[in-house]
Amino acid sequence: GNNNADNGAGGNGEEGQDAQLQGQISIDGSSTVYPIAEAVAEEFMLEQPDVKVTVGLSGTGGGFEKFIAGETQMSNASRPIKDEEVQGLKDAGVDYTELQLAYDGLSVVVNKENDWVDQLTVDELKKLWLDNGKTKKWSDIREGWPAEEIKFYSPGTDSGTFDYFDEVILDGGQIDKSATLSEDDNVLVQGVTGDKNSIGYFGYAYYLENKDNLKVVPIVNGEGKAVTPDAETIKSGEYEPLSRPLYTYVSNSAVKEDEAVKAYTQFTLENAAALAEDVGYVALPEEEYTKQLETIEGLK
Amino acid sequence: MALTAVNTTKNNQSVQNEELFVYNTKNLNLWYGEHHALKNINLGIKEREVTAIIGPSGCGKSTYIKTLNRMIDLVPGVKTTGQIEYRDRDIFSKDFLVEELRTRVGMVFQKPNPFPKSIYENIAFGLKIHGIKNKQIITETVEKSLRGAALWDEVKDRIHEPAYGLSGGQQQRLCIARCLALEPDVILMDEPTSALDPVSTLKVEELIQELKEKYSIIIVTHNMQQAARISDKTAFFLNGEVVEFNSTDTIFNNPADSRTDDYISGRFG
Amino acid sequence: MALTAVNTTKNNQSVQNEELFVYNTKNLNLWYGEHHALKNINLGIKEREVTAIIGPSGCGKSTYIKTLNRMIDLVPGVKTTGQIEYRDRDIFSKDFLVEELRTRVGMVFQKPNPFPKSIYENIAFGLKIHGIKNKQIITETVEKSLRGAALWDEVKDRIHEPAYGLSGGQQQRLCIARCLALEPDVILMDEPTSALDPVSTLKVEELIQELKEKYSIIIVTHNMQQAARISDKTAFFLNGEVVEFNSTDTIFNNPADSRTDDYISGRFG
Amino acid sequence: MENTARVKSEEMVSRIDGRLAKNKVVKGIFLTATIFTSIILIVLLYRIISQGAPYLTWDFFQNFASRRPEQAGIKAAVIGTLWMMSVVIPTAAILGVGTAIYLEEYAKKNKLTRWIQMNISNLAGVPSVVFGLLGLTIFVRVFGFGNSILAAGFTMALLVLPVVIVAAQEAIRAVPKELKEASFGLGATKWQTIYRVVLPYAIPGIATGSILAFSRAIGETAPLIVVGIPTFVAFLPSGYLDSFTALPMQIYNWTSRPQVDFHNLAAAGIIILLAVLILMNSVAVWIRNRYQAR
Amino acid sequence: MKTTNKELSPVQQLLEKKYNSGFLNRSEKIIPAVLFLMAAVSVLTTLGIVLTLIFETITFFGDVSIVEFFTAKEWYPFSGTDPVYGIWPLVLGTLKITIIASLFAIPIGLAVALYLSEYASARTRKIMKPILEVLAGVPTIVYGFFALTFITPVLRGIFPSLEMFNAISPGIVVGIMIIPTIVSLSEDALSSVPESVRQGALALGSTKWETASKVIFPAALSGILASIVLGVSRAIGETMIVSIAAGSTPSASLDLTTSLQTMTSYIVQVTTGDAGFGTTIYYSIYSVGFTLFIFTLLMNILAQFISKRFREEY
């Protein structure tokens, strides 16, 4: 990173338009965060064509591996960093800053022909998904529901989505062992669409794209209100506990030493809100971005 | 001697004095694409005779003999007109299956082409595909055929070894044996002895003499002496045409066409 | 005639009456694995003579001739003892590169083996690998060699067409031409005419007579007449041994060994 | 005895109908299998083409990736794949044919050779993901190529190498020994014989087998993911140590996006990928015809 | 005629010069060494793979007992409470897919190869082979979605009890994917059997089928086996199709109608997923990779053994 910008770090949220930066920025990590990162990179390169940004999708863990090895300056994550990774970064001497970019609302969906499920509580969700060693029927969950065997569709156990669901719904317990797991949310969409007695959950964007073929289930939140996921309810925090933040981790030294990385990080925070919504995620409240921007400014 | 051979023809056929053709070729023409390789061939081949086909390289001998059992079908782009009758059946007709034709008409090729199998399996092959499963019959036939091809003594201790370990000459004799195993009606031979030494050649020639008691044999040869020694009739081919076809005696001693004479006496070129 | 040939040897060699050997084989033994294929061969082959090697199939003729230019090296598991000298140089010695040996000693094989290239390229091949790039020399040599092999007239219009389009006989003559192109000192021929018709055979035989003015020729043949016609010396092989080696006249008319007599007169079996 | 012979012959002939019927049935089965396979493949292709064809606009070729499907293009991936293949093909072809020549023509038939041989055919079966792990360790890290064209190209070359070797060996083995003899007989050295006789004769076979292998390299995703090839690259590489992206990465990413438009773009990407394959195959067919010996 | 050595033809003069200038160029000696080095690359590759896998595998077995790895009947590495690492369900998943794919692809592949080499016209062959070769390069994700969105619904139409994710549909599609490999390489092996051998059989009155099955096929057997081994290896190593269409549920049941996970799809799941770097799960992929490696090794040893027994020279 040799670059020549001197005023690229305007604190007012406007980029230094006259400064043409150069350099290379490598970003890798979660495929869930990828669409946002791609959008940011795309926009950024319109303004700074000489900064070559690349975005990969090696998964959160794979991204951290590269981040630790110093091969990337930014690492996308669909879950908070894990202890092992913190340790790895420490051993490698990499200081980092955690940034939140957007929310994803995990959407619980059932088949279009399912006319009995109107809403679910967290407890019901837990009862549904937690493994009890037996096959479950709808009637086991709530009286009056049909005595048909439930088919479960869940993101792969190695995904941040699963991790989050497991944590907030199952308290880290074992997911129903009969559940069909798949790495690809599109594949889950297919599964739920094809099975009348199915239930599944996945990222909000996937529900949004397929809402004509699926029925989304309102989830009863802490205040006892059944909430359907949408941009409003996710952003406001009303849709809980199933909305989760998406992260990116940036190397402090890269920000400090490389004007391009710094400019890029600021650009990310300034534009994440709009771009996230563009690709099907939900923006954080405005002040979250401002706060994080200040943190970056502080990295001198 | 040639004439006596004709007279030995068995009288299980009703009309004895009528010409008895195993093969009757009528106005046969053949093209390889544009190349007119056989021109208006007319040949009647008698039962239980040895018919030799001679002629310079490239004159169409192999082509003709391959047409007789329709091996020529395998060459793409070949066109034929005219007729060939095998025992009064049109070999090009739909009703006459090539498989039947080729079972009745054995063939020995110019280049030895044993199967990549053991010596035994090479000979048993023909029997097996024709549904003969009796082990004893097969083993007997293998021995008989190998003896017939003057090969038995050389290979009897290793008939279960790969045929490709044999020398060129041995391989060719194996191919003859393979063909004999099916005891065909007619045997086509395309220079069968060109890879054999005189001793084996002699044996095969003797064999041919013996075989003609039972079979009709058509043999392509470059060896004039051989043609003279073993054949009853000789056809002389030149540039895809039959210049002369007559008893071997006549062809060699009193040819009608001067070109035949030239070729036979080595003046031809 | 055989003796006159020897006398035509030019006197650019100092000692004229000393035996002048191009090849001198001393106590050669050869095994294919366990199989003892050549047994204690001793043969002196004179310059500018045609030496014929005859013997029944499997007696080791091809093996011997392949040893002379060390083509036998290509067969795995072959073991030799004894010595072969080519113009007083031990062909098995490290100093004598097989490539040089094989360039000086041409070879024509039993089965025609043209390269899958054009006729022209087949003959140019040898020149090119030896670094001869001059187009004019190549073209001249191609024509000369084809003429030498009595093939020019037949192929002159299509020398840039694939060699595989030629008939068997034509292919073999092409292989002879290919070998002639390098103008070797000695030419080894393993039944070179067994795939040729008499006319071509005659031409090749004439050619051999002509070539021996310049080259020494060793020829394996099954054709006794051929050996008698063209060779000065004849070696009779049997079961891997040299039974008799003498002037062709002597071998054919007055053999010392009764087995030779038996073989030549066709009584052998 | 004469009689038994005749009877035998008639008996044989009498069985011909049955054998022919069998032949016909078998041929029918084979033909059905061929048609069945063709139909499946046609369905597969039809689905891809009908889905992707409308998206094959000029912009699609001209644009880099974008979050907006209507603006997204495949330029970086196509160019990147071509760059990568320009590493894979020569590397794998030279190493593969070289190894095959060594094994077929030079190596003694001893334990070491057999062991090398064994090792090659085993490598052919090692899953591509594992090659990805290898590439990551060796090329990206140890050699320090980073996630560059060179690193990915070498990884892919190693992945396809065993197939190229095996194909080349088979082709070399199929060269008639008479031809080699002819060449040696003219005093050609071993290498001249190999170079001028064996290789030209074997090239059609080598080309066929290698094309299969190279096709595989073009379509492989897993090793690229593991090596860490980025997906979003909005510039063209200018050297072999530059970052790049490749067609399967882009396609893979598009298929996993929620928006249907991206799925259609993926189909369009697949069409491009097939077009690249067809181009490569045409080259192979051309080589095959040019050198066709038989 | 020209009889003395003094009157050499131009060709002889040039050759004579060559003899005197030393016949061999150095390349004859260097080339074998260079070629040997090339051959060494593939050995080094194996070595690299083994080393890459083995260190991380050892780390993994520091956390998980090797006995559990081979004897436990469950594979639940993600369970927060008590992760179980028993490789069997993954092996079983791989076996299911491989067997179904082989049962589907080997007969069909060989049938197509035999059709093309023994029955079809030269033109058909010329058209079909390149097409098949192109299809061999279709990215496997495409086959994956083909399985999920086409084959599975078709099969479910016939067998309603079939689940959305199952072994049969991806098994068949993996089979479809390896058919081009088997066809193309087998066809090469079949058509390299010399024509004269084919003629020998036909001249004895054998039908095409008899010629093909009794002579050509055995003669080409070693090449055919090689193509099958390669195809089956690809089936074992196939990742994307299985990840997409078979689900990712490690299952120890023999049921073919339910979701499963293979060794490869587990590796890809973890490498593309969000598991933490340096965790036991992360190292587990190396142990699975190593198992997979041993697996393909065993299969190859078997194939070598078979091919040695059936090799016919021609």
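The letters A, B, C, D and E name the chains in turn, as written, and every chain counts its residues from 1.
As a working rule, a residue touches a chain if its C-beta (ideal position, glycine included) is under 8 Å from a C-beta of that chain, and two chains touch if they have at least 3 such contacts.
In this text the structure is predicted, and so the values were computed from the model without any measurement.
Chemist: Tell me which chains count as touching both chain A and chain D.
Modeler: Looking at chain D and chain A together, the chains touching each of them are E.
Chemist: According to the touch definition, list the chains common to the neighbour sets of chain C and chain D.
Modeler: Both-contact set = B, E.
Chemist: Starting at chain D, what is the smallest number of hops through touching chains needed to reach chain E?
Modeler: Minimum step count, chain D to chain E: 1.
Chemist: Ranked by contacting C-beta pairs, which pair of chains comes out on top?
Modeler: Chains D-E share more contact pairs than any other pair.
Chemist: Counting in whole Å, what is the centre-to-centre distance of chain A and chain C, each centre being its mean C-alpha position?
Modeler: So the centre of chain A lies 83 Å away from the centre of chain C.
Chemist: If you average the Cα atoms of chain B and of chain D to get two centres, how far apart are those centres in Å?
Modeler: About 47 Å separates the centre of chain B from that of chain D.
Chemist: Roughly how far is chain A from chain E, going centre to centre by Cα mean, in whole Å?
Modeler: 37
Chemist: State, to the nearest whole Å, the distance from the C-alpha centre of chain B to the C-alpha centre of chain C.
Modeler: 31
Chemist: Residues of chain B touching 2+ other chains?
Modeler: 99-100, 103-104, 111, 129-130, 182
Chemist: Which chain D residues reach two or more other chains?
Modeler: Correct list: 12, 16, 19-20, 189, 225-226, 255.
Chemist: Hey, what residues on chain A touch two or more of the other chains?
Modeler: Counting only residues that touch two or more other chains, chain A contributes 31, 57-58, 62, 184.
Chemist: Which chains are in touch, pair by pair?
Modeler: Chain-chain contacts present: A-D, A-E, B-C, B-D, B-E, C-D, C-E, D-E.
Chemist: Chain D touches which residues of chain B in the complex?
Modeler: Chain B reaches chain D through residues 97, 99-100, 103-104, 129-132, 182-185, 214.
Chemist: Using the touch rule from the top, collect the residues of chain D that touch chain B in their complex.
Modeler: Residue list for chain D touching chain B: 2, 5-6, 8-9, 12-13, 15-16, 18-20.
Chemist: Going by the contact rule at the top, pick out the chain A residues touching chain D in the complex.
Modeler: 24, 26-28, 31, 34-35, 37-39, 41-42, 45, 52-58, 62, 66, 69, 71, 184-186, 203, 205-206, 208-210, 275, 278-280
Chemist: Mind listing the chain E positions that touch chain B in their complex?
Modeler: On the chain E side, the touching residues are 121-122, 193-207, 210, 214-215, 218-219, 312-314.
Chemist: Considering the complex alone, what residue numbers of chain E touch chain C?
Modeler: That would be residues 1-6, 9-12, 14-15, 18-19, 23-24 of chain E.
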